[in-house]
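Two complexes follow with subunit A in common, the first pairing it with subunit B and the second with subunit C.
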Partner chain A sequence: MEGKVKVQVNEERSFSKWFTSRKTQRIITIACFMFIPLLLLFTFTYLPFGKMVGFSFYKMKYIGERTFVGLKNYKKVFSEPEYFSSLKLSFFYMAGALVQLAISLYLATVLSFKVKGGDIFKGFMFFPYLINGIAVGFIFKFFFTRGFVFDTVLQWCGCNVDKLPYWLRDQGVNNWSLAGTSIWRYFGQNMVLFIGAIMSVDSELYEAAMLDGCNKWQQFFYVTLPNIRTVLFLNVILSITGSLSAFEPPYVITSGANGTATYFVKMHEVAHTSQKVGQASAMAVVLLIIILFATLLQNVLLKYAFRDAEYEGPEQNVRKKKTRINTAGKGKK
Partner chain B sequence: MDTENTLSIAKKIVLSILKYLSLIFFAFVAVLPLVSVLITALKDDEEYATTNVMALPQHLNFANFAKAFTTANMGRAFINSTIILIVVLLVSTLIGTQLAYVLNRFKFRGNTLIRNLFLFATFLPGIAMQVSVYEIMTKLNLINHLYGYIIMMCGTDIISIYVYIQYFENIPTELDESGIMDGASYFRIYRSIMLPLLKPAIVTSCILKGVGTYNEYYCANLYLQDKTRLATVATSLYTFVGPLGSQYNMICAGVIISLLPALLVFITCQKQIYSGLTTGAVKG
Partner chain C sequence: MKKRVAALTMAAVMTMSVIGCAPTAENAPVQKADAGADGAAPVSSQTDGGDASAAGGYGAIKLGETGTDITTTIKFIHHKTDREQDGTIAGYIAEFNKTYPNITVETEGITDYAEDALLRLQGGNWGDVMFIPAIDKAELANYYEPFGTVDEMDGYINFASTWASDNMTYGIAYMGNAQGILYNKKVFADAGVTSVPKTPDEFIAALQKIKDNTDAIPLYTNFAAGWTMGAWDAYLGAITTGDETWYNQKFVHTAEPFKDNGDGTGAYALYKILYDATAQGLIEDDYTTTDWESCKGRINNGEIGTMVLGSWAIVQMKDAGPNPDDIGYMPFPMTVNGKQYATAGPDYSFAVNKDSDADHKLAAQIFVKWMVEESGWCDFEGGYPISKSAPTSFAFDGVEVVENTAALDGEEDLLAEMNAESDLNFNNGGNTKIQDIITDAFNGTKTFDEIMADWTKEWNDAQEELEIEVLY
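The block that comes next holds the complex of A and B.
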C-alpha cells in the first residue's frame, strides 16, 4: 500500500500539472479501487451467468457433444411435475424467513438498548451462525432422530412420545423441521446485522425524539426503522431469494428424501447425478426469473411501506384527521 | 396521580419480565442442540447406547475426540482452512473497503450501475452457477489448487459492501474535505482517514465473511477434489457420512472439534465486535 503512495508521488512530480490535477487523480483512484472487485465479479458471476444461459439451450453433459435443442429444456421445466412442483416447498422456507426476520428485528431492538447480560444473550444467539453447514446437518439429524433431543424436550413439556411424528420423515412436518433449522442458524446473524445498523443511527436523533416526547414504539417506527432501511431491505431480499433457492437444510439433513427435495436439490441432482447440464441450466434460469419478479414485487411493496416513515409530519396529521373523521362518523351512527 | 404511577411502574415491570423471558427463551433455543451434541460427544459407546441422549454423562470421556480427529484427518484440514481464511479476509477487506469508498465518495457515471451489478449478483443462484464456473475454473487451471479456490472466494459479497457503505454514510464528508485541503491524495485519505474510522465495520464484515469462508463446503468439495491433501475443516466432516453415520458419539465429537476454532475466535473477538459496533457510530 505504501508503495503505491510513493509511486504516485514520484509520478506527480514528473507529469507535473496534468497529474497533480484533482480530476486525474480522481479517475486513477476510481479505476484502481474498482479494477480487482469488478474483475472478480465478472469472472465468477457474470461470465458464468452468460454461459449458463447459453447452456440452457443445449442438450449436453460436462464432457462430450452438445446439441442445440432450442426451448425444449424450458418446456420440460414446466411440464415435468417433479421439477416445478418442488418450488412449492419454498413457501415453508419463506414463512420461516419472515418469522426469522421478525424475531431478529425484535431481538436487535431490545438488545440495542441497555439489557442485563445483553452480550451473553447476543453471543448465544449469534453462535449457531458460526457452525458450518455439514456440522449443522449432523446436529439436526441427531436432534430430530426418534427419541433423541427434540422428542426428549417435548416429553419434558408433557408430550407423549408415541404420538409425536417423525420430524424428518413425516411429510406433514418434515419441511417445517427443515425451515426451523434454517431459522435456528440465521436469526442471530440477522440480529447482529440489525444491531449494527441500529447502532450506526445518529444518537442525536434518539435524543431529539426523546425531547419531543416519543415513546419507545414511536422511536422504533420513526427513528430506527427509516434509518436502517438499507440493511433491512437487503435482508428481506436475501431471505426471499434464499427461500426460493433453499438448498442447504434438505441437502445436508435429509438429502432431499421424503418430499423435502427443494427446487435446488432437484437441480443439483439433475446437474451432478444425471449430468444433464443443459436441463439444470434451464432450471436455474427459470428460478432466476422468478426471483427477479419476487424482488421487484418486494421492492414496490417496501417503497410503499416506507413512504409513511419518510414523510412523518404530514402523514401523522392525516392519520389524526382520519381517526377524527372515523370517530365522528361512528358518533353519528 | 399515585395510582397512575404505580400502574405505570407495574406495567414497566411486567414488560421487562416479558422482555427477559423472551431473551432467555431464544438463547435456550439457540444453545439446546449444541448442548445435546456436547453431552453425546462425552459418552463412550456403551453409555451412548444405553442412556437417553439428554442424560448427562457419568464420567467425562474424551476418547471420541481423538478418534474423530484422526479418522477425518482434521490436522491437515485445519492448516488448509487457516491459509484460506487469512488470505481471503485480507484481500476481500482491502478490495471491499476500496470499492465502498469509491462508490460512496465519488459521483461518476456508472456508479449506480456498478452498485446494481453487485446487488444483482446476489440474485444469481450461486449453486447453479457452479456448473459454468466449473468450466471457467478448468480453463484457468484453478481446480485442485488452494490458490484457485482462494481467488474464487475473494469476490466481495454485497452484505459487506452494504455494511461499509452504511458506515461511510455516517462519516462526515468534512473529513475528506479537510484532507483535500491539506493536500492529501485520495489514496492517502482512504488509507489514513477512512480505513481507521472503518475499523468497526471491517471487524464486523470480517467476521461475516470469515464465517462464510470457513463454513463453505459446496465449492470446496467441487474445486478441492484431492481430499487427503486439500480438505478443509467443513469438507473433512464428509468422512462421517456413510458407514460411520450411526456412531453419533464420534460424529458429535467431530462436530464439536470443527466448531471449536469458531467458538474461540468468537469469544475473543466478541468484545471487539460489540465495542466496534457501538463506537463506530458517528462522532462529530
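The block that comes next holds the complex of A and C.
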C-alpha cells in the first residue's frame, strides 16, 4: 500500500513539476495568447475560404437549394470569353503599378535627402491614400469629364481641346485613365514605405561610397537599392496582386461599362446581379491561384535579379564596386 | 483636413444612396402591378355590400352636397412624409375644409410605412383613412369598407380591380405610375416637332430634328449611372408586343424573343432605338461621364430633349428648375397593329376603416373622393391619372394602358432563373448589356443584329440549361 501511494505522489509531483517547468509554462502562455487570434483568423478567414472553395463546385444562389455540378463552374471560367478575357485588363493596372513604383521610388530617394519643405511634400503626396476609394472615384469622374478639370489643365499647357481624347469614352484610352487614378492614389503610400526603408540604411555606407567617389546615381544603385530590396519586393508583390484584383476605379468611375470591366467587377456582377454564387466562387478560386502563381514567379525572378546582393551582402558589394570604380578611374588616367 | 475628408466621404455616400434609392422607386410599381394581377385569389362568400350603401358609397357621394352637415374628426395615416413636411397635404386639407368646414382631418406621415401600417392595422384603432399595406386580398373585407362594386368603380377610376375582393373595390390609388418617355415640350416645339412620335422611326426623326434645330441633347442616356440604362427593360411587355401576358408568361418560352419583326415592334425595335440614336450621334457627347443629379436641372432648362424613364421621374424633373411646365411625358413611341400601349400600375391606395362609425366612414369616403377627384394631388406628383373625370396633364391619348399580367402558377421563378443563367438580367440590374449597346454602336464594334444574335444565343443556351420548354 505504502509503496503504491508513494508512486502516485511521485507521479503527481512529476506532473506538477512538468506543469510548472519554465518550458511548459512558456508553451502554455504562447498557446493562450495565440488561441484567440488563431480562432478569429480561422473563423473569419480560413473557414469562409474553405466554404467558398466548396461553393465553387455547386450551382447555387444565396438562398434556395444547391446542385452539385463538379468542375463545370471552373470550365466556364475559361470557356466564357467574357469572364477570362477580363483578366487582360489587369495588364493596364500592372503597367500602372510599375510606373507607380518608379515614381514613388524616385520621390522617396529625393525626399530622403534633405529637401526644403520635405515634410509638406510628403504630406501632400501621401494624402490621396487617406481619401476613401469611392470619393476618389467621384473626384476622377468629374476630373475626366469632357471640358472639366483635366481638359482645362491641358489647355493651359497649350493643348487643343479638340485634339484631346475623351478620357473615359475612347476605348483606347479609358483603361489607362483608370490605371492613372490608382497610381495617383497609391504612389504616396509606396513612397512612405520606401522612405522608411531608405532611412534605415546605414549612413556610413553612403559616407564610404562618397569617399570612394560614387556619384548620387551610383550611390542609389549600389547602396540604396540592395538595402531596401525587401521593401521593394513587398511593394512589387502588393502592386501586382492589387492590379490583378483592381476593383474600385472601374466600379465607381465607369461602373465597368465600355470595356473597363476588370475580373473583379465581372465577379461582382456574377455574384450579386446574376446571383450565381457558385460561378463567382470558382472565379475567385481561379484568381487566387493566378495570384499565388504570380507571387511565386516574382519571388524567383527577384531572387535571380538580386542574387549578387544575396550572396555577398551590401557591404562587400560596395567594396567590390569601389575597386571597380578605382580601376576604372586608373584606366582613364 | 480631416473634416474635409469626412465631408467628401459623406458627399459620396449621400450620392451613392440617392443613386441606390431611385431604382427601388422605379421598381416598386412594377412589383405592385404583379401583386395586383393575381386577381383570381380565392374569394370569401361574405359580402359587405349592404354596409357600403349605408356609408354612402363612392358613386353616391356628391362632393359639396353629401354630408355637409357632418361634424367630425377623421384621421389619415400615410407614407408621404415629404409631402407632410412641405405642407402639400395640409394645403389640400385647407382646400377641402372650404367645402367641408366641419370635417377636421388629422394626418400622420409614417416613415417606415410598409412595416408600421401592417402593425397598426392589426392593432385596430389606427384612424379612418390609410394607404393599404401589403395584405392578402382575401383579408380586405375584414379591415376596410368597400367603395362600391368593381364594375361601378371602373366607371370612376383606373385600377379599380387592384384592391378588389368578391367584386368589391376596397382601395383607390392616390396616383398611378406609367411607362413612357420624359421630354421637354419647349425643345420639341423649338425643333419643329409638332406631334408626339408614335413609332421608333418617327422618334428617331424627332431626335434628329432636335439635333438640327436646337442646341439641346436629343436623347440623354444617363449612361454612367447604370440603373438608368437598365430602365430600358421596363418597356418590354405589352408596350413592345401589345400582349400583356408576354413579359411574365411567354418571354421565357420564346425561341427568338429578340428577332426583327420588321414592323418596328418587339424587343428588337425597343433596343434598336438606343443603338440608332447612338450611331447617329443623337445622344450626349461624352456619355461615360453623365451625372444623374444634374440631368434633372438640364432637362428642366431645355438642355435635354428626351430621357427614357418611368413616370415616377416626372415630379423630380419638374422640381429641379424654373420651368416645370415644359416637362412632358409621352407614351413609348411604338405602335403594335395600329395601337399604342403603355404599362401602368397603381401606387399606394386609399382605404377606409370598416370599424369606424357611420359618420366617420362617410366623412372618410367624402375625403377620399375629394382627394382623388378634386385635390389634384395625383397630377401634382406627375402621376398617371386615377380619376377618370378629374383634369390631368398626363396626355396618353389613344393609348391603351394595361398591366403586365403576372406569371403562371408554378412558373414565378422562371424569369429570375433565366435572367441569372443568361447573364442578361432583364429588369434585374442588367445595366451592362444596355451600356454595351451604346459602346458597340458608338465604336462600331458590333452591328445591332450581331448584338441581338448574341442575346438570342445566351437566351437559348439558358433555356437549354434550365430545360425550359420553348413554346413560342
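The working rule: the second predicted complex is superposed on the first by the 259 of 333 C-alpha atoms of A that agree within 3 Å, B and C clash if a C-alpha of one lies under 4 Å from a C-alpha of the other, contacts with A are read in each partner's own complex, and residues count from 1 in each chain.
The working rule: a contact is a pair of C-beta atoms (placed from the backbone, for glycine too) under 8 Å apart; a residue touches a chain by one contact, two chains touch by 3 or more.
As the structure is a computational prediction, the values presented were derived from the model and not from experiment.
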* Partner chain in contact with A:K122 - subunit B first, subunit C second, else both or neither -> first
* To do: Determine, under the contact definition given at the top, whether A:N132 touches first (subunit B), second (subunit C), both, or neither.
  => both
* **subunit B or subunit C, by number of subunit A residues touched** => B
* What is the contact status of A:T273 with respect to subunit B (first) and subunit C (second): first, second, both, or neither? -> second
* **Touching partner for A:Y166 - first (subunit B), second (subunit C), both, neither** => second
* So, does A:K76 touch the first partner subunit B, the second partner subunit C, both, or neither? -> neither
* Using the touch definition from the top, say if A:M52 reaches subunit B (first), subunit C (second), both or neither. => first
* Partner chain in contact with A:R66 - subunit B first, subunit C second, else both or neither -> neither
* To do: Could you look at A:F44 and tell me whether it touches subunit B, subunit C, both or neither (first, second, both, neither)?
  => first
* Partner chain in contact with A:G259 - subunit B first, subunit C second, else both or neither -> second
* Asked: If you lay the two complexes on top of each other, which residues of subunit A touch subunit B in one and subunit C in the other?
  -> 127, 130-132, 134-135, 138-139, 142, 148
* Write out the stretch or stretches of subunit B touching subunit A in their complex. => 19-20, 22-23, 26-27, 29-34, 36-37, 40, 52-54, 95-96, 98-99, 101-102, 106, 108, 114, 117-118, 121-129, 131-136, 151-152, 154-156, 158-159, 162-163, 165-167, 170, 180, 185-188, 190-191, 204, 208, 211, 214-218, 233-235, 237-238, 240, 248, 251-252, 254-255, 258-259, 262-263, 266-267, 270-271, 273-274, 277-278, 280-282
* Structure fact -> Per the touch rule above, subunit C residues touching subunit A in the complex are 1, 5, 8-9, 11-13, 15-16, 223-226, 285-289, 291, 419-421, 423, 425, 428-432, 435-436, 439, 442-443
* **In the complex with subunit C, residue positions of subunit A that touch it** => 61, 82, 127, 130-132, 134-135, 137-139, 141-142, 144-146, 148, 166, 168-169, 171, 174, 254-259, 261, 269-270, 273-276
* **Interface residues, subunit A side, partner subunit B - complex** => 1, 4-5, 8, 22, 25-26, 29-30, 32-34, 36-38, 40-41, 43-49, 51-52, 55, 62, 103, 106-107, 110-111, 115-117, 119-135, 138-140, 142-143, 147-149, 152-153, 184, 187-189, 192-193, 195-197, 199-203, 230-231, 234, 237-238, 241, 245, 247, 264, 267-268, 271, 277, 280-281, 283-284, 287-288, 291-292, 295
